[in-house]
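By letter and in written order, the chains are A, B, C and D; residue numbering begins at 1 in each of them.
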Amino acid sequence: MTRPVHLSVKNVSLSFGGTKALHNVSFDVYQGEILAIIGPNGAGKTSMLNCMTGFYRPDEGSITFDGHEITTTPPSKIAGLGIARTFQNIALYTGLSTLDNIMAARHIHFKYGMWQSMLYWVGGALKEEIRHRQRVEEIISFLEIEHIRKATVGALPHGLRKRVELGRALALESRVLLLDEPMTGMNLEEKEDMARFVLDIHERQNMTILLIEHDMGLVMDIADRIVVLDFGVKIAEGTPDEIKNNPEVIRAYLGQEHEILN
Amino acid sequence: MLTINNIEVIYNDVILVLRGVSIKVGEGQIVALLGANGAGKTTTLKAISGLLHAEEGKVTRGSIDFENEQIDKLTPDQIVARGIVQVLEGRRLFRHLSVEENLLTGALTRKDRNAIINRDLEQIYHYFPILKTLRKRTSGYLSGGEQQMLVIGRGLMSRPRLMMLDEPSIGLAPMLVQEIFEIIRKINQETGLPILLVEQNARIALDVAHYAYVMETGRVVLDGTPAQLAQNEDIKEFYLGMTQVGERKSYRDVKHYKRRKRWLG
Amino acid sequence: MNWVLVPQQIATGILNGGIIALISLGVVLIFKSSEIFNFAHGHLLMLGAYVTWWFAGGNQDGTEVFNLPLIPAFLIAVLVAIVVGLLIERFALRPMTGQPLLSIVLMTLGLALFIEGVVSLVFGVQPSAVFPSPFSPSAVFRVPFPGAMGGFIILKKTLVLSFGAAMLASIAFALFFNFTKTGLAMRATSEDHELARSVGLNVPRIFGLSWAIAGVIATVGGILLAMLTGASLNLSTVVLVAFPAILLGGLDSFLGAIVGGITVGLVQALVQASSNIEVRNSAEIAPYVVLLIVLVIRPEGLFGQKRIERI
Amino acid sequence: MAVLRPSGDFDVSYRQDMALIRYPWHWVLILATILVAATAPLWGNAYVVTTINQIAYTVIAVQGLNILTGYTGQISLGQAAFMLVGGYASALLATYWGAPIWLSLPLAALITGLVGLIFGLPSLRVKGFYLAMATLAAQFIIPWLTRHTFKDYLGGSDGQISVPMPTLGPIVFDSAEKFLYLSLVALLITTVIAFNISRTRLGRAFVAIRDNDLAAELLGVNLLGYKLRAFFIAALFAGIAGALRAHSERSIGTELGYNLNESILFLGMLIIGGLGTNLGPFLGGVTVIILDDVALQFGQFVAALFPAYSSNVLTSFRPIFFGLVLMLFLIFEPRGLAYRWTLIKAAWRLRPFSR
């Protein structure tokens, strides 16, 4: 791999009240790749994302982003550094419209403060709002959710909510996108659409993407590399072809599924 | 044993969610309900279990009969008492209760003596040995797979005569999906318990089911045995993800977003 | 600090704490079974005291309708409390299912206003100082204690009785919740209503039951308190002392309610042992100051359950 | 809901799409309301003018509460206590420094805002009922402090001090009629501010915290910072409201209210009007204050029917009436009058096709 290292996880361990969620996990995420993290439920995949976004603080080890140490940086700062994410169980702002959800994610890019907010017309708030609105509309049209622009997200069907959540992550204009099971609960058709969006984001913006997903067909198709976790330990790392046939991975995770994949 | 006759469900007096759905579950059968999100699968289950009432939904036409009794006017607790239990989507459990307490909540409606309930508990631990080792653990801290086993176990604790499972595979690793479906099959074979299954993963659902229905926008568009459905071109393409020649197609090859085909109806 | 007062104040504080604990228990009970924080508990308590007073013929001016001894009057008040509890659940809280937290908080506050109005309409706004009691207010135990004022600690019998009642009630509740089927059903229901329904629990019946029990606890507390102070509209404000106690102990813990209640009783009593008048005056807000400190250090209270949060 | 617009009405710029006042009839309605209120001395008696003053400062207090509770989702039971801070601050500034109203009122608001920050600190750790209790602590501690500290300045056990008439250059606001213009200008300013907050970054961050605080934090919203901003703004508004009330009543102190019941009433107004909506504080404030009057009149009427119980009836009528109104609203109109208003508007626009 000649691409530069973007995010680097070194010897990270994490435990909750005695149970080890992560044990001495290390891997690198390279600039512009799609890296999938797979593994059984409870293997620590989401915990790993939570460490990367500062929601959990690892007991040991370090996480660096473009060479900067972010292990102890608070979550709201990490978002500002350029790491965006979606959530396993959709975590939208249910009372806001699609538009406002995505606008709310532009938060870190706004410059004006509390007093300008109150004054609106003077102090530049209005101008900035319009500028960001334009950017948000681009995201909305890319994800083909124009028709629900002003609909309250709480009432949208699951598949669309997942898409709005992706839009919200895009609005951060991050350099790394962490997707936590973005296709869960979707049928094939919806998965295909979502996969297309993810691939397009990857290609057009050269976005580095970290993906947690259980649909092995999908992971094998779109990931460049795969990291496998089991009981908080990294048991394998490699290309989809290597992982598919890794006996350890088959034992702990894939089971008979590897027959279908080949 | 369960017959749904042409039911119509309306939410909040205005939103029509089900428009004429008829489904049958026979003795000892596993019946799968497939379909896109928003097609009305979960609503169908909730219509059966009576949980619709709490969400301002109503069965406005048609009837639901279970063992020759019309049940669509009953409250959820009366329906559970008749032997129908619904295992909700998303591994919903009483997070702050322990594993064993969660299982026991399943048996709260029964009037059996403790000895019998304890024997059933052992039976659950027989199907899901891992739960026995975790019995004192606060259930909120279990992993996804363990939680799914727990909620199925809790459903069984009510000694149901029909169990409804809503998306048991959602968010689970492939191995676990296989494991859980193996157990579902085993429970069905050993006890003859009929199961109505809502599932997004069409391949595995068709693998265990004896009969399947496909739903789209609030109605049943197709039904048949898994073997019959597997022959259907649309099922192959939209539910099983196969190319024309019968191979798994790659997600990288799907280029066009809008190629939706709908069944007539 | 006025040291010679301290032993007496500690004893009084603990006993007072018992009553606060009993009041807290009722609030914790409703919270544990339905996740509703009942701001109207104090008003239920006041209602219970007034009903008892009315049936026991507390007026003593010959105008009373009934003239029952305390125990039958108490039993009738308990029956009234059960009915009121059921009515509240059925007509005020059941329609609120699924509404946000704030709306439910306000519903209990609206109830509080309503009960206050009804009580003052029926019983009048004048406090009724004469309340039937098995002990006269001056009936006391004297416990020898060297170093205390006069070498004795004085314990009012009514206070000792209420302390005993509070302890008994809390032990009973803890056992009931942890070891009975109904207790388990209540704990389950409080976590997730829809899920509870799906396992076949009759959720409305469980709510009704917990409101009925809460009404009974409130009535017991109201009577014990009224024996000390007489029946008045002010009885409802004692919950304002119970609230910090509840949160100190942890909203969902019976043990916490007891410990919190006693802590608040002690803090108030000890503050009053001070020789500085302004410190003595702070007795009414001292529990809240302690509460603020505890909340910052340990947000879930001393014995409260830590919420499981996942994202 | 938001998409209910008549066909043919579409926007051609983002600015237009983001505007709050969309149609000429909006302007007509707003100007008419202002005109009616401002000309009250001409068409109404002193009682009407005083009531409008009362409505003005009440709505301001509820607007503040709406930002904290409605938008940010942090339940507060202490808004009345913060009004007390604002009232005292403005009164003391005017009494001891002779500060004119244009100076004493904003300064009082800022001071109250800072006090609000202190009581907002527990929001870092606690949520829901626990936070409600922390604000309840404010509701007890602040009035206690005004009675028991700096007794020479704050009135001590009297529980009140007198407040000078506000001045603005040569103008002395010495009557309810003159004061009316002060309250209306203040209300206009706070309304514009509240509207602006709700449609900008700040408002979205607040709602993000309300709807999903963990996600908000992971998407770059500094939770503590924004919760504190919400507490600050809520107290700021309470400060303005308190200062206005103090100057219009010419005295301030715990004897005059500012207690838990008033804080609860503010929450009630918010619910009745519509939580988290811009119109809510207006609809709720006006409705409750007018209902209060109706309750009083009706209570006197009922008391006259039963002379033997007149004192009981008079004291009990208000709590019964309010308790009932609040409960009925929560059951039958849980989303508040603002929601009903949008439904009516929608029906009007879709006419004649609406049901």
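Here, a contact is a pair of C-beta atoms (placed from the backbone, for glycine too) under 8 Å apart; a residue touches a chain by one contact, two chains touch by 3 or more.
The model shown is predicted, which means the values in this text are computed figures rather than measured ones.
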Farthest chain (mean CA position) relative to subunit D: B
Leader among chain pairs (count of C-beta contacts): C-D
Between subunit D and subunit A, distance of the C-alpha-averaged centres to the nearest whole Å: 41
Whole-Å gap between the CA centroids of subunit A and subunit C: 49
Mean-CA-position distance for subunit D and subunit C (Å): 32
Per-residue multi-chain contacts in subunit D, two or more chains: 214-215, 218
Residues of subunit B engaged with two or more neighbouring chains: 141
Sites on subunit C at which at least two other chains make contact: 310-311
Subunit A contact footprint on subunit D (complex, rising order): 1-3, 14-15, 17-18, 193, 196-197, 199-205, 207-208, 210-212, 214-223, 229, 233, 276
Partner subunit B, residues of subunit C touching it in the complex: 97-98, 181, 184-185, 187-188, 191-203, 305, 308, 310
Residues on subunit C engaged by subunit D in the complex (per definition of touch): 37, 92, 95-96, 99-103, 105-107, 109-122, 124-125, 240, 243-244, 247, 251, 278, 281-282, 284-285, 288-289, 291-292, 295-296, 299-301, 309, 311
Partner subunit C, residues of subunit B touching it in the complex: 49, 51, 54, 75-77, 79-81, 85-88, 92-97, 101, 104-106, 108-109, 138, 140-141, 154, 158
Subunit D-facing residues of subunit A, complex: 53-55, 74-76, 79-80, 84-85, 87, 91-97, 100, 103-108, 110, 112, 114, 117-120, 125-126, 129-130, 133-134, 137, 150-152, 168-169, 172
